[in-house]
Amino acid sequence: MEDVFSNFDLVLKAFWLTVQLAFLSGVAAMLLGTLLAAMRVGPVAVLRGVASTYVTLVRNTPLLVMCVFVFVASPNLGLFVDTPFLLKGTIAISLYTAPFVAEAIRSGINAVPVGQAEAARAIGMTFAQNMRHVVLPQAFRATVPPLASTLIAMTKNTSVVAVFGLTEATARMRDFVNDNADDTIAIFLVFALGYIILVELISLAALGLERHWKAAR
Amino acid sequence: MRLTRFKVAAAAVLMASSLAACGDAGDDSVDGIDVDVQENAAEEFDEGTRMRELADSGTIKIGVKYDQPGIGFKGATDDAPVGFDPEIGKILAADLGIAPEDITWVETISANREAFLQKGEVDLVIASYSITDDRRKVVGQAGPYYVTGQQLLVKSDSDIASLEDVKGTEVCSVTGSTSLSNIEKEGATPRPFDTYSECVDQVLNGTVDAMTTDGAILLGYAAEHPDDLKVVVDPFSEERYGVGYSIDSPEMCEWIVETIEDAQEDGAWAEAFEVTLGKSGVDTPEPPEMDACA
Amino acid sequence: MTVTDDVPVGNSAPRSGEPLVELVDVQKWYGGLHVLQDINLSVGRGEVVVVIGPSGSGKSTLCRTINRLEPIDSGQILVDGAALPQEGKALARHRADVGMVFQSFNLFAHKTILQNVALGPIKVRKQAKDAAEAHARELLDRVGVAHQADKYPAQLSGGQQQRVAIARALAMEPKVMLFDEPTSALDPEMIKEVLDVMVDLAERGMTMIVVTHEMGFARTAANRVVFMADGRILETADPETFFTHPESDRARDFLGKILKH
């Protein structure tokens, strides 16, 4: 245990990497997920097909397999060789998370009464304007709780890259466990606490957003 | 070398991750050395010893690594594992009058070696099994039959020649391993991976600059890719591989030590090295001096 | 289509016989159900046409085809001489010129009243925010809800919401206004405030196609009444003629039911 506290800078550095991974992947997954959701409800049949194929394909693929694809298989084919590991981690995690974001948003879009979109079309909004100004703002409100769940799951999922070249919190924990076999439980608790803090921050942000939007109605 | 293992179940993972590594692992491997199987070996041992029981039964279960080329490796289609550790196992079995084909090979991973010995799942563990005081509290470890140390595996054209050169580079090993912590202290960015084969892939395709772990393991990979990879820098840690046995059969220690010392003297040890780790082109080292049994 | 002289004429937009909206041989099916059959209708500039008929007659569908909220299977719909475009930017431009008021108001729930009215002009017409909001306030004043400008739709009564919806459509300065049963979802005491706004609009010379059961409005404001049943237009007449001497049995039957009380 002294080992953990005397090397606490390593713990913080590892969690900082976890935070970076979660933040970058979260932003990328939200953007890609929103795009996928819009494609799925959009008027272009080809895009609907592309988006729904992507969602089906990736949602049924374990994150570990996605990571093998990005970190191991792709470099063997000459892809992503010079890509920084943090970026590869972001790519793998956000590609994996985007379909879940898309489905959460799509359920939110479906919760917006159809009359809202019709009214927007009736005043001459294009599909993109309709999404941007009318449907998505309302969909996001209905989507905050499932999106928060998705982002929390994603934050914890960042631990998978512990075996793909990134010394984030879980990889660091395993270093400590390996060196201090007698203190496994205590080390586990320290790192679990770190994850709990991160996840609680997301929960609180979601709660704050919900309250803010409730007040705005 | 203590390692934590991350169990990968998905077949797809295994397939994808071994794309490059497994290609020639089994192809050019030789059958190993010829051992002289003792006749009437049972008579050599006293009644009631574990050696006598094994000799009487005519079979032995030996735990080895299946994923470390040169040390202990078994391809999906191979009948038996090959490597320096299995060769040592054959030498020991032969002394009990057990022919190589009568050995039952069991895959052990770093995390289950003590448990397998304690539960009697295996009679011996010969699996890049470093001797440590902690381990000697729960299992017997005779040896060392081989001494290695942490080194670096780099591409043949790499500029890394000394330990100072790793500063600022990316070096991979297995997640949670001591090697990774050690290289991080030398100023390299540690790149943890699940398996050695994924790690060596990263070196081969140029994603990371080097791989680090016990030199013996690195030599095995270098032997697999003699044109592409080389092992560099003097060992900067000492790992002493021992033969694990049950702590309930302390009489095995003397037998293991004597048998391996015989093999060191009559050249079987050197032969075992040459047909396995020696294929990387490295000179056969002087055999290490074995610890005295307690 | 000529317009009779005995209708109230607004102070702007002189009426002419020039057709603004034309439906030619329009057919539409829902699966096996032929919901619009051989629809031919021409609405002149400045004309107010009321479409009535029993429920399921296709009158709402007819209304919604004119800005292509419902696509048609064959035939042609022309607005101001131009055929309806397919999906895409051209259709969006077309819709901007055709105002629509829905039965259930459909105000944007996450926007204030003022934002509801100004959103289209700002985003679609690319007007400056200040100008769009100033115009929006004028329109809200005209429909009598100016003091509610900063509230959200849910805080308004149904009648107020529908008047805002009319203002929202007018903000786009449409060539024609479609009303799809604008008072059907309203409590009785709120119907008049909405009808008053519509009558005012008619008097100002707006071209209007109104699907409604409000016979009072039809009598007061309509130039023509179109009677639909089973997906067909059975009768077209000026209100006085239609209400006093309906030609078809279906129309007589329908009028008998709704005018009884």
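Note that the chains are named A, B and C in the order they appear, and that numbering of residues resets to 1 at the start of each chain.
Everything below uses one rule, namely that a residue touches a chain if its C-beta (ideal position, glycine included) is under 8 Å from a C-beta of that chain, and two chains touch if they have at least 3 such contacts.
Predicted, not measured: the structure shown is a model, and the values here were computed from it.
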Graph class of chain-chain contacts, one of line, ring, star, complete, other: line
Relative to chain C, chain with the most remote C-alpha centre: B
Nearest-to-centre chain - CA centroid comparison: A
Rounded Å distance between chain B and chain C, as computed from the means of their C-alpha atoms: 84
Whole-Å separation of chain centres (CA-atom averages), chain A against chain C: 46
Chain A and chain B, separation of their C-alpha mean positions in angstrom: 40
Touching two or more other chains - residue numbers and ranges from chain A: none
Residues of chain B that touch chain A when the two form their complex: 2-4, 6, 8, 10, 12-13, 16-17, 19-20, 134, 170, 172, 175-178, 180-181, 184, 189-194, 198, 201-202, 205-208
Contact footprint of chain A on chain C as seen in their complex: 67, 69, 87-89, 92-100, 102, 104-110, 119-120, 123-124, 152, 154, 165, 168-169, 172
Residues on chain A engaged by chain B in the complex (per definition of touch): 62, 64-65, 68-69, 71-73, 75-76, 78, 80-81, 85, 162-167, 171, 174-175, 177-179, 181
Footprint of chain C on chain A - complex, ascending: 43, 113, 115-116, 118-126, 129, 133-134, 137-138, 141, 216-217
